[in-house]
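Note that chain A is present in both complexes that follow, paired respectively with chain B and with chain C.
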Partner chain A sequence: MKDKLSREELLHVAELARIELTEEEIEKYQIHIKKLLDDVEKIKDVEGYDEEQLIAPWSENTHLREDKIGEMYDPKEVINRAPKHSGNYIEVPVVVGESEGA
Partner chain B sequence: MSNYIPTIGVEVHLELKTKTKIFSPSENGYGKMANSLTNEIDLGYPGTLPTLNEEVINIGIKAATILNCKIRKVMHFDRKNYFYPDNPKNYQITQDRTPIGYDGYVEIEVNGEKKKIEIKEMHIEEDTCKSAHRGNKTLLDFNRAGVPLLEIVTKPCISSSEEAKLYLEKLRELLTYGDISDCKIEEGSMRAEPNVSLRKKEEDPFGTKVEIKNIGSISNVVAGIEKEIERQTKLYDQGQEIVPQTRRYDDKIQNTVLMRVKETGNDYRYFPEPDIPFVVLTDEMIEEAVKEIPMLPDERRRIYQELGVSKLNANKLVQNRPLSDYFNELLGEKINHQTASNLLLGDISAYLNRNEKDIKETTLTKERFIELVNLIDNNTLTSKNLKEIIIPLLEEEKTIQEIMKDNNIENITDDTEIRKIIRKVIEENKDSVEDYKNGHERAIKFLMGQIMKETKGKANPKMTMDILQEELK
Partner chain C sequence: MRYLNLPLVEINKLLKEKKIKPIDLVNEAYENIEKHKEYNAYITLNKEDAIRQAKELENKEVDNLFFGIPIAVKDNIVTKGLRTTAASHILDNFIPPYDATVVEKIKERNMIIIGKTNMDEFAMGSSSRTSYFGPPKNPWNKNKISGGTSGGSATTIALRDVPIALGSDTGGSIRQPSAYTGIVGLKPTYGRVSRYGLIAYASSFDQIGAMTRNVYENALLLNTIVGHDDKDLTSSKKENEDFTRLIGESVKGKKIAIPKFFVSEIVSKDILDNIKQVVKILEENGVIVDYIDMKYVENTVTLYQIIAMAEASSNLARYDGIRYGYSYEKPNNIDDLYVKTRANGFGEEVKKRIMVGSYLLSGENAKTYYNKALSIRDDIRKEFKRVLNDYDWIMGPTTATTAYDLDDPMDDPSKSFLDDVLVMPANMTGLPGINVPIGFGKDNMPIGLHIMGDSFEEAKLYQIASFIEKELKLDLNPWKGEENE
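== the complex of A and B ==
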């Protein structure tokens, strides 16, 4: 087993998390994060390990909510909590590129 | 002509017709004041928990059934992780591994031949907030955050832009009828994203796939696919490679433009959503949902045609849901259904369109409509008469007889009376009768004119013509 992540692997993780790292940090986290991953892997050693149990440890149906409108925030409250707003919109610095979501 | 075979797949996102959002009880609404339909869950505040809306599952079952999909009875949700301000909790809750429906199809008719467009899967997920870019800032509206979506993915089995268009039209028709979604592309409640690749021969592996996003209409889906086939053909002809990428359709230049190149495979680090335990569908849940599916378009067309409605009218009726629903109430009635469809699609539609009304908002009850159809069918009312009284028919509570009286419509429908007048006219116009018998077809029109003059236009034209022809034999 390797004792640290490759530089590329670590930089990839940093990029996904949008984190900039110094050379020192890169070296440190190559080891730290690998150790973290190894620790998590140990779950698989548990007797009767079943991936589905990680989704939910019981097989009962999830609670479904009735389709009834509930309480909502006053839009003023919403925009005032944001660092910046423009009219009723929450304002953020311009985002380059497109959403990955739907 | 292109020397390449196009392979097309289409991904469709649909906003579902629920009252509330998928994971929160905030209202699912369109066109409301920005950020007025939110709560702590939609805004992704820490410590909040999603609760799954039962209606989303219900609609998902219906959609899967309508699209001939198999239904997964035990499913869970997954987190798709990415950073972008349209989703402040930094993941989208979706179904990566257990889509609610899979292995389905939609049947289309291409040049008179039936073809099944295969559906790989359909899954449920949440919509992101809406972002608008204005100069150096981006504006966010969270009303859309958490709106339930259904994503429907076809297999790469579509071979032309025409097939893609027919598929999307059929999908829209089916899902609007199934009350799944409004399917309004212009409002964003239906979003279609085709992907295109080319290859030389059927035996070859699929070529490099290019996705097209941001398409605002079905006709632009067609244009986008065609432009992409053109672009890829040119590159291949020049011996170049296709770079995997996402393009968007720009309506202004009517072409696709590069949005981003996919450098590496997406790394969304999907993992099961731990806040929502398994969703287990029971047979009862499925049965209940399926029962709610209204009669679908193809079945409507078939039944209408069996009742004697022309193919053209059957299609037109189905294209107008309120009229088709109205017509469905008349299926068991002993009336001339073709006449009924003509009436609905003709003067009644014209009135409804002019006044932006739904047929349910008029005074034309089912009983009254049946009476009207019969009056027209037995020639008591002419189409000219109908035009004269269409407004009171649809706006007033009076009986049809009263309305006819108000408008001085008293047609002579007693055939003995008409025959008497016809015989008189024949007697007085022997020359014309002679002309007609010698093959001068136009003479009959003159005779008709004389009869109408005698009756002050109150003789039913069709009946009069029939009797006149009989008398002239």
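== the complex of A and C ==
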């Protein structure tokens, strides 16, 4: 078994996670992420289990809230927490058009 | 005179008799914290507000046991108007616009929040060393870890800065640091305490619980934070109850199972000797203790890694630099904003877990890893339920070793998971678990016993834990010498 991920494999995983990595991190994580992926491989050795799944361990039926308007926060209070905002709007950078380095 | 070392009921009596005021307690708490500054138990103190609150309470009737009592709150539980960081750079400027449900509950009782305690970043780790604010130090030896992830809460309780604290437990994060620092910590049954306002890491494991100096006060504090909450759909509709009600009841004729894996060669001899001592005391008092085989127990870490990292990758997708928290200043476009905000905002442990989690959920992997883990998880729960049909409790050590050195290397990415191997089954199954101190190792560091019970049987956990506590009569205050200052 190889002991580290290839650069491409690691960058693929980082892309899935939307995290940019430094060169130093790439080198370190090629080994660390591989180790963690090897750990989870052990699940393949478990046999004889039941197909039924436990998504979360609560023992009661899920109960939904009644569909009515409850307590609300002041929109200003919430919007103010955004790094960039203007009035009651949150500002975001351009979504289409300019690409990196353009 | 120091008051915060007294039992809660005595402090309450003094308050009622107007011999002391809440402000005396608040001042004492901050004096303690100042004196113990180097232990780094807190990320943010709430001094101004706490003093204001204490003064307001002077005109109010002392209407409950927790009135005016200083409490420490783990920094992943949101507090309105008080910075809440989850020990991450990505939230280090975050002032929540609302209170977590547990915070509303402690405020209703007029407890006074002293500060927000240090922890592993987003509760990912096992030694609190992944904190953006540096790790807390163990009160029994400054060169050792306090454990994690609720390391700050454990530290401040062990130091006797304040009598009560809240922690959270996803894979052992209340119980393991409690063991390393010699305090009592209980992870309630999943659903017992509302998770609303607890910054999510792995939602199907996360649970808030009490961290205290002794068993009785732990039960008292749990009394105040439980209950159904419409804002958490996984919170139980079970009736509230008095968790102290079985404390002092006989344990004669009760049955305890010790899974052989919990006392296997993975555990240090020092700890095994202490466990044997407890077993002896229990047997002398008519408790039946059996060593049993349990299926899947040794697979818990693998399952935890898969499920926790998968849930984490989904939960932490919200940190995008747009709505709140840290944001990269000069992005070229929105993708650039995401990847650079997260690159600068998250620490190493968090990045690794999100990356592995994203991988585990991508395409066919979801079936191979995540779905299979959920199936085995169901089997583990059935296995524990089976054993708990025959036994009152399942018991073992909380940790395999005592607290290790703060400067031990962090170069093995699996280590932070393996540290919690003995306590993760409680999160996997949703069952309650408690740490109770049972002695000290040859290194003079505390050793903890872990006891699990059936769903919603916290009262029974307190019964056995309190019995053991009473039999052992340990001196668990590392600051004994200071008392006479």
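Keep in mind that, in the parts below, the second predicted complex is superposed on the first by the 72 of 102 C-alpha atoms of A that agree within 3 Å, B and C clash if a C-alpha of one lies under 4 Å from a C-alpha of the other, contacts with A are read in each partner's own complex, and residues count from 1 in each chain.
FYI, contacts are C-beta pairs under 8 Å (C-beta built on N, C-alpha and C of every residue); 3 or more make two chains touch, one makes a residue touch a chain.
All figures in this text were calculated on a predicted structure; none of them were measured in a lab.
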* To do: Mind working out whether A:Arg65 is in touch with chain B, chain C, both or neither, as first, second, both or neither?
  => both
* For A:Pro83, is the partner it touches chain B (first), chain C (second), both, or none of the two (neither)? -> second
* Asked: In the superposed arrangement, does A:Val94 touch chain B (first), chain C (second), both or neither?
  -> both
* Please indicate which partner A:Pro75 is in contact with in the superposed arrangement: first for chain B, second for chain C, both, or neither. => first
* Asked: Regarding the shared-chain residue A:Arg18, is it in contact with chain B (first), chain C (second), both, or neither?
  -> both
* Once the structures are superposed on A, label A:Ile55 by its partner contacts, choosing first (chain B), second (chain C), both or neither. => both
* To do: Check the contacts made with chain A and report whether chain B or chain C touches more of its residues.
  => C
* Which chain A residues come up in both lists, the one for chain B and the one for chain C? -> 16-18, 54-56, 58-60, 62-65, 70, 73, 78, 90, 92-95, 97-102
* Which of the residues in chain B come into contact with chain A in the complex? -> 13, 18-20, 24-27, 33-40, 43, 51-57, 76, 80-87, 92, 94, 125-128, 131-142, 149, 151, 213, 246, 259-260, 266-269, 272, 274, 276-280
* Going by the contact rule at the top, pick out the chain A residues touching chain C in the complex. => 13-14, 16-22, 25, 29, 32-33, 35-37, 39-40, 42-44, 46, 49-60, 62-65, 70, 73-74, 77-78, 81-84, 90, 92-95, 97-102
* Where on chain C is chain A touching in the complex? -> 94-95, 97-98, 190-191, 203-204, 230, 233-234, 236-237, 296, 299, 301-303, 305-306, 309, 313, 317, 321-327, 331-340, 342-343, 346, 348, 351-352, 354-360, 362, 368-369, 371-379, 381-382, 412-414, 417, 428-431, 455
* Structure fact -> chain B partner, complex, touching residues on chain A are 12, 16-18, 54-56, 58-73, 75, 78-79, 86-95, 97-102
